[in-house]
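Dropping a structure here in structure tokens format, bear with me for questions.
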Amino acid sequence: MERDRRGEMAIAAARLLRDGERVLVGVGLPNLAANIARRVHAPNLVLVYESGVIDARPTRPPLSIGDPDLVRTSLAVVPILDLFSQYLQPGWIDVGLLGGAQVDRRGNLNSTVIGSYDHPTVRLAGSGGAADIASFAKRTVVLLPQSLERFPARIDFVTSPGHPLGLRRERGPDAVVTDLGVFDFDADGEMRLAATYEGVSAEDVQVRCGWRLRVARDLGVVPSPTPAELDALRSLGGQGRA
Amino acid sequence: MTAFLTVQEAVSRYVGDGDAIYLAGFTHLIPFAFGHEIIRQRRRHLTLCRATPDLVYDQMIAAGVADTLVFSYAGNPGVGLLQAFRRAVEHGELALEEYTHFELVARLAAGAADLPFWPLRSLDSDLSARRPRPRVKSPFGPEEVAVVPALRPDVTLVHAHCADEMGNIYAWGLLGEVREAALAARRVLVSVEEVRPGDGLRAERDHLLLPAFRVESVSVAPWGAHPSYVHGVYDRDTAAYTEWDRISRDAGATSEWLDAFVHGVPDRAGYLSLLQPERLRALKEAAEHGA
Amino acid sequence: MTAFLTVQEAVSRYVGDGDAIYLAGFTHLIPFAFGHEIIRQRRRHLTLCRATPDLVYDQMIAAGVADTLVFSYAGNPGVGLLQAFRRAVEHGELALEEYTHFELVARLAAGAADLPFWPLRSLDSDLSARRPRPRVKSPFGPEEVAVVPALRPDVTLVHAHCADEMGNIYAWGLLGEVREAALAARRVLVSVEEVRPGDGLRAERDHLLLPAFRVESVSVAPWGAHPSYVHGVYDRDTAAYTEWDRISRDAGATSEWLDAFVHGVPDRAGYLSLLQPERLRALKEAAEHGA
Amino acid sequence: MERDRRGEMAIAAARLLRDGERVLVGVGLPNLAANIARRVHAPNLVLVYESGVIDARPTRPPLSIGDPDLVRTSLAVVPILDLFSQYLQPGWIDVGLLGGAQVDRRGNLNSTVIGSYDHPTVRLAGSGGAADIASFAKRTVVLLPQSLERFPARIDFVTSPGHPLGLRRERGPDAVVTDLGVFDFDADGEMRLAATYEGVSAEDVQVRCGWRLRVARDLGVVPSPTPAELDALRSLGGQGRA
């Protein structure tokens, strides 16, 4: 039976969100995670989208961050400039949920280019608000599937800054959720494997990581999805098998 | 006085080769009618500015109107990447001025306020390594902040719900960076779903997007934002965004699409005549039910 | 979570001696209920910040709560000067930090964005001769612009039309500098005409003034802005502005007024009980007919 | 028969406004002047108030610049910051109508203090938006009654900047309207008597001016109010006798 990796990732990320927090989300997995959290354990989670939407209660998976459904169910929609300058920059966003093409051990994210910037192998979409969110959300949670290409020793381009060398800055990456496990960040700002899904070993993760991975001494197991979490996942259009 | 012109007349009169233009609208109210007309009139060497290039710039880039792209997120929202943009960049055919969303809208804010720069906080990244965000020291303390330069498009093109007969422009729903992009421009051209006669719109003062004295011309263009949306009028044509992903992966198919849907029709009415009436009806119904 | 407190509790808990406070509202929505309560609780050494001190600060200055005034226009709007302010200044009893309107709201904008300064254009005058507006050189060209320092009140006090049960705040009509003043503050206290149960207010998204997470406490205070106004609810009591001009010209009469209308009553309901019901009714009718 | 000096001043100032212009006005005389212009010869005059009100069509003389009547009849009301930064500063306001306690030969205006700033004889209201308007409106028209105290050789405080010494800047004071006459500004930025009301001589004006006054070689006479102007004045609550 194949694992529902997307569903597991969304549920694992959802658990990192606390009730009442303001969460800046994108479409896809981040949106799924935030909405699972809102339905399961964080009914007062405030969903914010970089399109300016504040406190949306989407009735369907949004197809873009400016989806009319987000607007129609929102508390308010503010100009993008206000969202970034008056809400994100001063620290009123608790969590940013971010994806990316690559991540490194400092939590730096690449969503700009594979290969060189001037002669790219694959030109990606670029920052959007990601660099701003990674800089100024109180903490960020990164979601991406795990592979050697996505966890290289050196990413091709730093779009969104992680922790500087040797130093964990006050805001910045706090967790990375992949289809193999969940990472946190050490006091010196380096990524560390904190837990794996059932049946996944630290070695399985190391094989898909381009640097020598730090592993928590008390490496945990990501608890299996609860029925409530699976219900929420299903109702949100995720696959959600047990 | 604001002029009432056709989309063709407005583009012909006010958009010149080599201009820096901004097609405003963040997922919502994207002025596709203007974008297609610029392709149709075969403008060249444009600097296209837009936070989210979206399909409209992917089509314009494919049509060869652009030398430079000023942007912050070149994705196909909800679908993936912009394929014509990718091809142009991967083949080195398009110069890029790349920012974050915050930086790009801050550049517009500076333009709108007639200031040379706008201050914001910014951490180092490979974006700033390639194009430094200079720091300015605060005269009031030890702090430094970054600044980005004003962006002042020659022309900003806007699509909105409606105008009155004076040229005052009204819009509802998500406005994104539309107002700043318009106020930053030397000239603002607007297309609207309809012009409403009389003074009735004055009661909608909380939805005034732009006063007539900031608007060069108004053009009536129903469905002027399709496949983007007009809040409460018609919904986003998500299928069109997915179809474009398929079409645009192939340069030949892209050219054929442009020939059929842009060059092959004289105007927006011609474009609409190529779409199934049921498709448009469904988008209208979705917007009305949702609203 | 936003707390629901009485005006007395909110002031008692969150406004301390020596604080820099901002009572927001530009002619409209001036939080008189909060201002009177601060007088009643005999706060001292406050720095009062407000673009237009208006009667509310004239009364607070007369009551002796303030050491410093940060402002841009100290007139009695439509009537003339602020007499208690004049006396305090002419007697050297009040320190002044004086700006233009543009500079003062720009200071709030910097505070709201967590920036140390805000750029604007500014010509030399005797205001800038006394308190220089430092120039900053643009890194992008030969231009220099002036900057003003961020203003970050310890507490901003706001009056608005209504709140929902979560503490989201809604207002209609002229907003002036209210939003920037609130967002610039460390803490925001709001009084409202009423709290509306249920989710009905969510449909009024275009009139959201502040989301609950930016609001420390909400207090119900009907007529909390009198003699200023609440758009569509009650009109401005212009006669009170004229009466104050007469009363405030005399220090003794001013004290008597404060004793009767502020210290002599326990709260806003007590203040209202001193006004003729017909007077209030007329203000309500004027607002309803006009709206 | 006594002259209606306020009415005459408002009418003289109204004539300086051209149809379609955006005029930033205050309450009192400036508002009266702008509304006379709108009713007589400039139906498309756009009245803007520093409270953020754009294109008001007041039904009564406003009692403050935030009068509910201005809001209810406006095209829009914008935040004050936007009015100053996006409309005034970039030059979208054609005319500022300003009052003041004192004016000097360069068009500098004082509305801050009589006497010294630190030990004032009379403390006035201060700038409000006046200094901003005087700086950035394309031109300003100043209205104040004429007296030696109000037209001193040296004003007590420069609240709103006029023309710098020896230079007429591009924006700035363009006319001064008093109860004796109308002034313009020379190419070098010095105030010059351009016309007087009927029965008023240049000497009458000089007597109430604290500096040696420049007088236009072709000194004009302010034309008498027309019936239409007097009608407008009366309907707006001015006195308006012929």
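Going in written order, the chains are labelled A, B, C and D, and every chain counts its residues from 1.
Heads up, the rule we're going with is that a residue touches a chain if its C-beta (ideal position, glycine included) is under 8 Å from a C-beta of that chain, and two chains touch if they have at least 3 such contacts.
Note that the coordinates shown come from a computational prediction; the quantities given were computed from them, not determined experimentally.
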**OP:** Averaging only over C-alpha atoms, locate the centres of chain A and chain B and give their separation in whole Å.
**Re:** 29
**OP:** Give, as an integer number of Å, the spacing between the C-alpha centres of chain C and chain A.
**Re:** 41
Original post:
So which bits of chain B are touching at least two other chains?
Top reply: 113-115, 120-121, 206
Original post:
For chain A, which residues are shared contacts with two or more other chains?
Top reply: 77, 85, 89
Original post:
How is the touch graph of the chains shaped: line, ring, star, complete or other?
Top reply: other
Subject >> Which pairs of chains touch, using the document's own definition >> reply: A-B, A-C, B-C, B-D, C-D
Subject >> Residues of chain A touching chain B in the complex >> reply: 27, 50-53, 62-69, 71-72, 77, 79-81, 84-85, 88-89, 112, 117-132, 135-136, 157-161
Subject >> Touch list for chain C against partner chain D, complex >> reply: 26-28, 51-52, 71-75, 77-78, 81-82, 85-86, 89-90, 92, 98-103, 105-106, 108-109, 120-127, 129-130, 173-177, 179-180, 229, 231, 235-236, 238, 241, 287, 290-291
Subject >> Residues of chain C defined as touching chain B within the complex >> reply: 113-121, 134, 136, 138-141, 143, 145, 147, 149-150, 206-207
Subject >> Residues on chain C engaged by chain A in the complex (per definition of touch) >> reply: 1, 112-115, 168, 183, 202, 205-206, 208, 211, 213-214
Original post:
Quick one: in the complex, what on chain D touches chain B?
Top reply: 20, 22, 46, 54-55, 74-77, 85-86, 89-92
